[in-house]
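Have a look at the structure below before the remarks.
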Amino acid sequence: MKKLINGVETVLRESLDGFCAAHSDIVVLGEDHKFVRRRALKPGKVALVSGGGSGHEPLHVGFVGHGMLDAACPGQVFTSPTPDQMLAAAEAVDQGAGVLYVVKNYEGDVMNFEMAAEMASGTVATVVTNDDVAVEASSFSTGRRGVAGTLVVEKVVGAAAEAGADLASCQALGERVNARTRSMGIALTSCTVPAAGTPTFSLAEDEMEMGVGIHGEPGRRRVKLMPAREIADEMVAAILGDFGADASGEALLLVNGFGGTPTMELYLMYDNARKLIERRGIRITRSLVGNYVTSLEMAGCSLTVTLLDEEIARHWDAPVHTAALRWGM
Amino acid sequence: MKKLINGVETVLRESLDGFCAAHSDIVVLGEDHKFVRRRALKPGKVALVSGGGSGHEPLHVGFVGHGMLDAACPGQVFTSPTPDQMLAAAEAVDQGAGVLYVVKNYEGDVMNFEMAAEMASGTVATVVTNDDVAVEASSFSTGRRGVAGTLVVEKVVGAAAEAGADLASCQALGERVNARTRSMGIALTSCTVPAAGTPTFSLAEDEMEMGVGIHGEPGRRRVKLMPAREIADEMVAAILGDFGADASGEALLLVNGFGGTPTMELYLMYDNARKLIERRGIRITRSLVGNYVTSLEMAGCSLTVTLLDEEIARHWDAPVHTAALRWGM
Amino acid sequence: MTDLPGHMAVALGADDIETLFGAMARTIIAHAEELTALDQAIGDGDHGVNMKRGFEAVTANLPAIAAKPLPEALKAAGMELVMKVGGASGPLYGTLLMTLGKTLPAAPGRGDVAAALAAAIDAVKARGKSETGQKTMLDVLAPVQAAVARGEDLATIRAIAAEAAAATVPMRATRGRASFLGERSVGHMDPGARSSQLLVEAVCDAIGDFA
Amino acid sequence: MTDLPGHMAVALGADDIETLFGAMARTIIAHAEELTALDQAIGDGDHGVNMKRGFEAVTANLPAIAAKPLPEALKAAGMELVMKVGGASGPLYGTLLMTLGKTLPAAPGRGDVAAALAAAIDAVKARGKSETGQKTMLDVLAPVQAAVARGEDLATIRAIAAEAAAATVPMRATRGRASFLGERSVGHMDPGARSSQLLVEAVCDAIGDFA
């Protein structure tokens, strides 16, 4: 395992210390490293709290700040945070208008946030994101994973909360954005959880995983490495096929790197995906390309498409000032 | 070689197409993919043009936009662009106040920009960046490489040009920022130039390269993998040692990922480096952490320290709106 | 067939509780790498790491935990797991222990144990929205509860736990991260089933020692 | 010792020029992987890729280039390299060919070739701020020029080019990317020295064919 660390026990703590020192104009570290919160809270605003396993940086701590999250709870690498973290975070940022938890759909995350909500004293609502089309949804399964589309939900609901929307509206908007968002990911290499010390899976020099999540978990299928165009084609087909007849009008396209793929290749994937999507009559009017919801050093990427409407586009465009997303201010 | 590409011949073209489509609000692609320029040019402003081999994205195309570059010329991967590119770019963005070339100190880049300057019809000045302390400067050698510190020069001079500074002032400021900037890099893995198809070098599971540049070139020394703290210590010592007695006051610290290192580790390195620097009596008042001057998928990072003064800090803080750096607007 | 040790019907002392939780913690910590490797195959490679972190916390607080009556000790250990393990296994094992704590009397007999286990398993199912047959820890916990209720001896209970864990290998997961793999989850032992087996074995050993 | 072919003192025809540049292009393209591998060891792994791109452009424009008189053909090929190769080798080989074009008469004799090569090497030194002994292409070009000036035959010139390239192996680089490696540049052949050797060999072959 080749990592820039001092020991597997202190990775998370040292990384959070660095993050909060580098962005001390935006964030404050909670006690015992339980959460990262906005430096400047806004009285009367619905508080947005997210969290999840670490190793996906900048998600979620990089999205704490004006126009997005009020707090994020970093779990151990790829492990849901614990209820005490969410309770402490909610308490630190609750401004009397209630707390909205944004939770990615993994049983661990859902159960821990659920326990926190049960223990909470204030008003709590939850939005569960499940944008990953690689996993077939079925009432007999855990359902779809929440992946990079979570960023879109956090940005859009963050803007609405900033603009004064109440808890119920924020929750409804979050569910609506999630319902209009689909993602799919692929990996060329695995990643190594520091505490595990060895790669989660291994791929031959000519293999790739189709339909991976963001935890270095194996995908749906192992296939031969394909040209970027064919990879994009399969991803776009899965995403648009899942939208079905709903897919038209304007859309946001997020090409998300998993951590080990060069920016050059991400833009190349964007070029291929965009052309395929526009050929289907959907106009890409908002774009984001980069490492936003990562899987440590995994090579690969995901595509996320959100079907826009006036409200969602307006909130996407609204000013945001976080460590990882910043515009308009 | 595992890459998200359609073929080594088209990597650069498709990637630039994607970049310019994703950021069409900011940039325009020049004909024959010779350069990327700002969409909105500012009459009467000194034009800043940079460029270099590709594979370092977001450098330089990601720094084209308000408050930074007017144009960037992307060469083939790790290969200086050619004089016709620089001539075409300069012609496209020259607003009558002259053109300043920002060139990283590699013989290829220097010679190609030199030929372009010799062929140019308008007024041209050049700043050559050479911030890499890993290479000993000597009159008998090529001198130091220009690495991640180039970002600082481009940002600061870009702000000055935006504010109306003339060509001579921009050049002088660029040289001053460069003189106050030092960097040093390390690598845990190599990278693979697409057209070459195999990694440039190879490292054992317990080895690292101390003092690498940004081209997957071998470093000064191959050493056993060390804890992050010791790595940071050697890098900080090299940088501050080179500044010598000049090193005091406020500084900017850039922890730059080479493309394959997780964000989590970059912040951990920031934490370690910052503490070591502050212990030496220098106050870190500006920070930047992320993949900005990359080496394809190489794992590793560089530290850059710029000693600030009021003018440099003010230009660093000034609004910028590019694909990769954005604040204040 | 020997019965569960008779003195289970009297209150466990601090030493007994320490032996019980100590045994559970030791086996989890000793098998952490194996559990992680199982989770690398069909999950996200953290089950051993998670469980180890939780049981290290239990170990660190063992004197305080063992000083309490058994029901309170179980609740405290369960809360420790909830606050330290994270992931899916934290809330589930936490719920299991906390519900045992809520249901068991201070001096439980065999019937009490069977009933408390049944209640705890129901609580896990409610928390996990899961059932047996989905390739999870429940596929070990449920047959073990049934064996206790039937009055099987410790050796038989151990054997049933081992068989049940092995029986998850051919299953297709429909809950937990392994469910994302669909058909590809077949052919691997469920990590949570294995950790449940280890815990059951540790408890059997500890109880055997009391006897 | 045979002299340079006598008809070098008459103007080269389009066929001869096509043969000359065709031979240079073919050898560079055929050895591109070797040149890249040399550059991976002490540079950035693109020398073969760069030179191949440049000589493919020369090949694509060969009819137009060969239609010009020799001096113009050399300038055109040099400009092609400048605009296509990039890196350090583009301006340097471009300058070499362009200066040859500026210096050689349309119907050069041996003395003209030696003088033109000397001028072209000076131009490369000026462009590269370099000298011989720094582990670069100059360490092949300079001894080859000296051999031409001394009147060596083609076989000797080839042998000198090969020896000169091999002699860069033990050198420590003080120019070019290899200089960043300091001591670690010792023990590897300079990629530009090798490409110069290949070009010299190709020219010798082509000239031999004219004879």
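As written, the chains take the letters A, B, C and D, and residue 1 is the first residue of each chain.
Everything below uses one rule, namely that a residue touches a chain if its C-beta (ideal position, glycine included) is under 8 Å from a C-beta of that chain, and two chains touch if they have at least 3 such contacts.
Molecules present, by chain and UniProt name: A, B = phosphoenolpyruvate--glycerone phosphotransferase; C, D = Dihydroxyacetone kinase DhaL subunit.
Only a predicted model underlies this, so the values are computations on that prediction, with no experimental measurement involved.
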By count of C-beta pairs in contact, the leading pair of chains: A-B
Approximate Å spacing (C-alpha centroids) for the pair chain B, chain D: 32
Separation of chain A from chain D, taking each centre as the mean of its C-alpha atoms, in whole Å: 54
Residues within chain D bordering two or more other chains: none
Where chain B touches two or more other chains at once, by residue number: 77
Pairs of chains found to touch, sorted by chain label: A-B, A-C, B-D
Chain B partner contacts - residues on chain D that touch it in the complex: 36, 40, 42-46, 48-50, 53, 82-92, 127-128, 174-177, 179-182, 184
Residue ranges of chain B touching chain D (in the complex, touch as defined): 53, 75-84, 106-108, 111-112, 114-115, 134-136, 140-142, 145, 193, 195-196, 198, 200-201, 213, 215-218, 220
Complex contact set, residues of chain A against chain B: 2-7, 11-12, 14-19, 21-23, 54-55, 57-58, 62, 77, 188-189, 205, 208, 225, 227-229, 231, 255, 259-272, 274, 287-289, 291, 294, 296-297, 299-301, 326-329
